[in-house]
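What follows is a pair of complexes built around chain A, which joins chain B in one and chain C in the other.
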Partner chain A sequence: MADGTTMVSSVWALAAAALLGALGLYAAVVDGALTARSSGAAANGATTPLVETARLLRQRRRTTVAADTLLWRVGGGGLIAVALLMITVVPLGHWTLFDLDVGVAWFNAMDVMVWALVWLVGWGPNSVHSLVGGYRFLAHGLGYELPLMFALVAPAIAAQSLRVGTVAAAQHGLWFAVWMPVAFLGYCLGVVAFSVWGPFSPALGTDIAGGVAAELSGVDRLVFQAGRYLLLSAGAAFAVPMFLGGGAGPLLPEWVWVLVKTVVVLTVLVWLRRRVPAWRPDKFMEVGWMALLPAVVVQDLVVAIVAVWRG
Partner chain B sequence: MGVSAALARYAGRRAHVLLAEVPGNWELRALVERRMFARGWCQAMSPADADILAVCGHPGPEFAGNVDLIWDQMPGPRVRVEVRDAGSVDSVLARAAAELLDTESQRRDAATRCATVEPHADDSGSSESHTGQQDSHHGGMDHGDMDHGGMDHGDMDHGGMDHGGMDMAPAGIALAEGADDRDGLEMDVLQMFLGPVLAYWPSGLVLKCCLHGDVLADAEARVLDAGFDSGRPVLPAQRAAPEVAARECDHITNLLALAGWSSAARHAREIRDLLLEEPSPTDRAQPLLEKLQRKLQRSWVLRWSLRDLARLSDADVEQHRLPTTLAGDTYDRLLAHVGNALALLSNQLENNAFGADADDITTALPDLVRGLEMASARLVVASLGVDIAPAESGSRG
Partner chain C sequence: MIVHVVFWIVAVIAVLAGAAVFWVDSMARATYALAVSFVAVGVAVLLMQQNYIGVVTILMMVMEMAVMAVYMVMFMGMNPALMPMSMVHDKRWALAAAVGMFAVLAAGILLIDWPARHGKPAADVTAALGEALMGPQMLVMVVVSPVMVSTIVSAIVLAARRTRYDRFGDDLKHRPADPQPGGVGR
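Let's turn to the complex of A and B:
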């Protein structure tokens, strides 16, 4: 292949997992620091994730009456697994863990799994608020998933490949984010949404006592929250080869560029969280179908025409 | 130093506090909030999330029953404290922090309980001793989850035991019954209670909801411990303007927090604290409040989210005997609260124009929330600025 990605030994999967964990921790630290800064709290917000981890490790696990414990736990742990599976196809410079020829579809399949997993976390405890939260996530899913899918289609059309490395290499000089901004926006919204983050957090809403997370305590809550941060990080990482030119950049080695770009995207997503009110699922459905989906499909059309014209 | 002690010390830096505000003690609750945030703690959204249960005020019998149920559901390490007056807040919180770190006593506490909260088999009679959160599982007995086994269960309150003999109650949870929903489809019916201990919910109010999915098919509101003499002095009819404005800011905080806009909610809460804390806060609070007003007016997402929710015409308002300031939709009411607070601070109002009677609100509430889904219903309730005053001990001699 012209893009020159090489598949590395699967032992490196451990390193990739560690890297993703570091990114997730970074996101949590930034979020804690921003929260503390804006509220003028006495405590140093940057340590919040560590303190919370200690707290949750010390807390007892808890079950509810007639809980579906197996599916409940599968839902929480599954989020971490899905985030890890997502990054297997993200090339770090030249190296990739899994040079799949349908890498883009693979990522998409993983993000659809999140539907089931978040819903299961809501279903498991046999609790009203949790289940309402789970269904809210599905309602959001109906609004964001199709725009996300069509957003992923645009770079694939332009690169004429579903291989992630090829898509990254196809952006010589001009990033896809620049000439297909609507697709990029649709993608970022999708990432925020499948991480149940920011405006897409009604599934964890204060109005339903924490929603999906209402009955989680101790290590179960830790796993669920970690899963959300890892998903956000994996989504940010995948944006780099798809829209931001992969490892392309001056001076620094390619793998450093990938990380730098990932961190920048992640920071922006974390920072944006507190800027906007929540989007109620019933209201967002309208936006998703009436505005976002047509816009992204038109974007695909434009990209397809450009691709044909370039020949 | 052992690992567990180190973990405990580290964990104690960010305790999650579940606030149970006894009706009429909102200022005390606001003070507890302020002091716990100053310690770097945060508010818990549900019993599962809580380390400390802080009861603000002197609870009546029904309220105390609810608090016990919530206590049973906290995972542990757990601490329960009661804050009686403003002077003791700091010492009570300090004691809670110390207890939370006492690993030995927490172990002993843990050893005496089992991991699952069993439905109380003899809970009959306390049909409404449930809180929003706990119903969910504790209330296993009153209402199973609607999906529970796909079977259905009585929508009577204590289904658990009433139906227990029918062998149709897995894990003591009675089965739901079906009914036509708003679109005429048959849905399982689930009974649940919102309140009295629920974040951003008017304290003392209990809304018994009949749910189809998450749509409130019907609701019934009541005030907890109505007529209970808390022994508090009767509040003067005329309260200082900053205090009333602070109450308005508290309502605004609740609504914004429910709308999922944490930064704006925090902004409103800071104004509230300023009004309560400072001796002559008007000069500083006014520009902040105006800034908040501009922020709310500019946000199209907020407008889009709150528009047309429970729109009340002037006729509706009159019919429900509510204050005229509550007319309009939820977004109008939010801005009206801000406007009211501003007017209070600039002395344009003698007293609170929102001073709706708690009885009128509880009578009107079912009509206002019927047919709404839970998120909308919560927003509507918050927009009404319900203030359940304590029973007037004066009137009872």
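Let's turn to the complex of A and C:
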């Protein structure tokens, strides 16, 4: 490869899955600790995810009348599958699992899958509140998806490639996050949104009894929540080759830099959850179309002009 | 070898999932059976090394099906979409039309004199395909897209009950009293 990424044996997919799992657990631990601190609980919240996992594994599964069990389970488990498929194109330093020449479009296709999956989790239990939650997510989706797509276009134009390794290698010296900040923000917003996280959590709102997750219990709830953390982690990991220079950095080996940057992005995204108020889908729809989308398209225009000018 | 096996597997999945659209008795299942069928087609296209087209097929079709599920559930009269319902209508004519169409297409496949390959495939198959499809018709495509957008906008304008005169008054200067205010405060 011209950009120095090599495809590793598919056995390493297991290691990548373990790594993504560790990142997801880290995100959950940070969130637990922050929650405990802000609520003033005496206990250290860092163990919350483990305690919650143990509790959910022992919990009896709730059943509802005339549930569409197949679609319900597909929706929950699919989130984890999609997160795993996302990171196949993220290079860890030199190594990548799947050196696809359209890796950026691949990531985009995977994040669109989340539309279907979250709605299916809402549809499955045959329950009003879950279905309302599913529709809220799709309404958010109409607002965030196009800005996210056009945000992904910017680095691809600058690198003149849809291959993730080439995009990472194209930013020697100057990270794309620095000279295309609007695209970077649009991307981060998209990651938060497809993880049903922070300002995009009205789909899981307490005003609709937990929304999409209203009827989830036991291992199903565990799978759904794990899927959200894994999606957040996969989105943070993909930001590194796209906007943060990939493995570039002094002293440490490249793969360590990728992990360090991923952890930093992930920590910020987790921390932001309690700093940003929830966005109602009907209000965000207009923000997405009237403000975000034009801003990101102008960003693309600037990047395209720079790319042409550079020759 | 593996590519051939996977190709046949996704081909069978695509056909079966497509047929499942008419077997299942729920709007959601029919929609997502169609989505599975399209994803299988996307994977088949990926295996033919049309990477971009394969991935974009998956992207667009999953998104379309997610939106279609919403509209189907929303616009079904008396909302039978939330209950088990048959996915076929006017069975006899539909069956005749389907069998006839299948016979025509299958006869076409068998009877046509398929050309042998000349030369080698292009280095970038996607670019070559785009060139062949769009190259001479680029002007038409460029003209068609604004026409399509304006058609969509005018259809919505005609269908919407409230217009900008209802929102802003006859002189377009009043503050709108919207039942659902938007996020940028217009």
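We take it that the second predicted complex is superposed on the first by the 311 of 311 C-alpha atoms of A that agree within 3 Å, B and C clash if a C-alpha of one lies under 4 Å from a C-alpha of the other, contacts with A are read in each partner's own complex, and residues count from 1 in each chain.
Rule of thumb we're sticking to: a residue touches a chain if its C-beta (ideal position, glycine included) is under 8 Å from a C-beta of that chain, and two chains touch if they have at least 3 such contacts.
Being a predicted model, the structure only gives us computed values, none of them experimental.
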item: Touched partner set for A:N108, first chain B, second chain C, both or neither; value: second
item: First, second, both or neither for A:L251, with chain B first and chain C second; value: neither
item: Touched partner set for A:A116, first chain B, second chain C, both or neither; value: second
item: Partner chain(s) touched by A:L14 [first = chain B, second = chain C, both, neither]; value: neither
item: Touching partner for A:K283 - first (chain B), second (chain C), both, neither; value: both
item: Which superposed partner A:G205 touches (first chain B, second chain C, both, neither); value: first
item: Chain B versus chain C as contact partner of A:R221, first or second or both or neither; value: first
item: Dominant contact partner of chain A by residue count, chain C or chain B; value: B
item: Partner chain(s) touched by A:Y135 [first = chain B, second = chain C, both, neither]; value: both
item: Residues of chain A that lie at the interface with chain B and also at the interface with chain C; value: 123, 135, 279-280, 282-283
item: List of chain A residues in touch with chain C within their complex; value: 68, 70-71, 74, 100-102, 105-106, 108-109, 112-113, 115-116, 119-120, 123, 135, 138, 141, 145, 162, 279-280, 282-287, 290-291
item: Touching residues on chain B, where the partner in the complex is chain A; value: 4, 7-8, 10-16, 37-40, 45-46, 48-49, 51, 73, 75-77, 110, 115-119, 132-133, 135-138, 140, 143-148, 170-173, 190, 192, 198-200, 211, 213-214, 256-264, 266, 299, 301-302, 304-305, 373-376, 378-379
item: Chain A partner contacts - residues on chain C that touch it in the complex; value: 26, 28-29, 32, 35, 51-52, 55-56, 58-59, 62-63, 65-67, 69-70, 180-184, 186
item: Contacting residues of chain A [partner chain B, same complex]; value: 38-39, 41-43, 47-48, 50-52, 54-55, 57-67, 123, 125-132, 135-136, 199, 201-202, 205-210, 213-218, 221, 274-280, 282-283
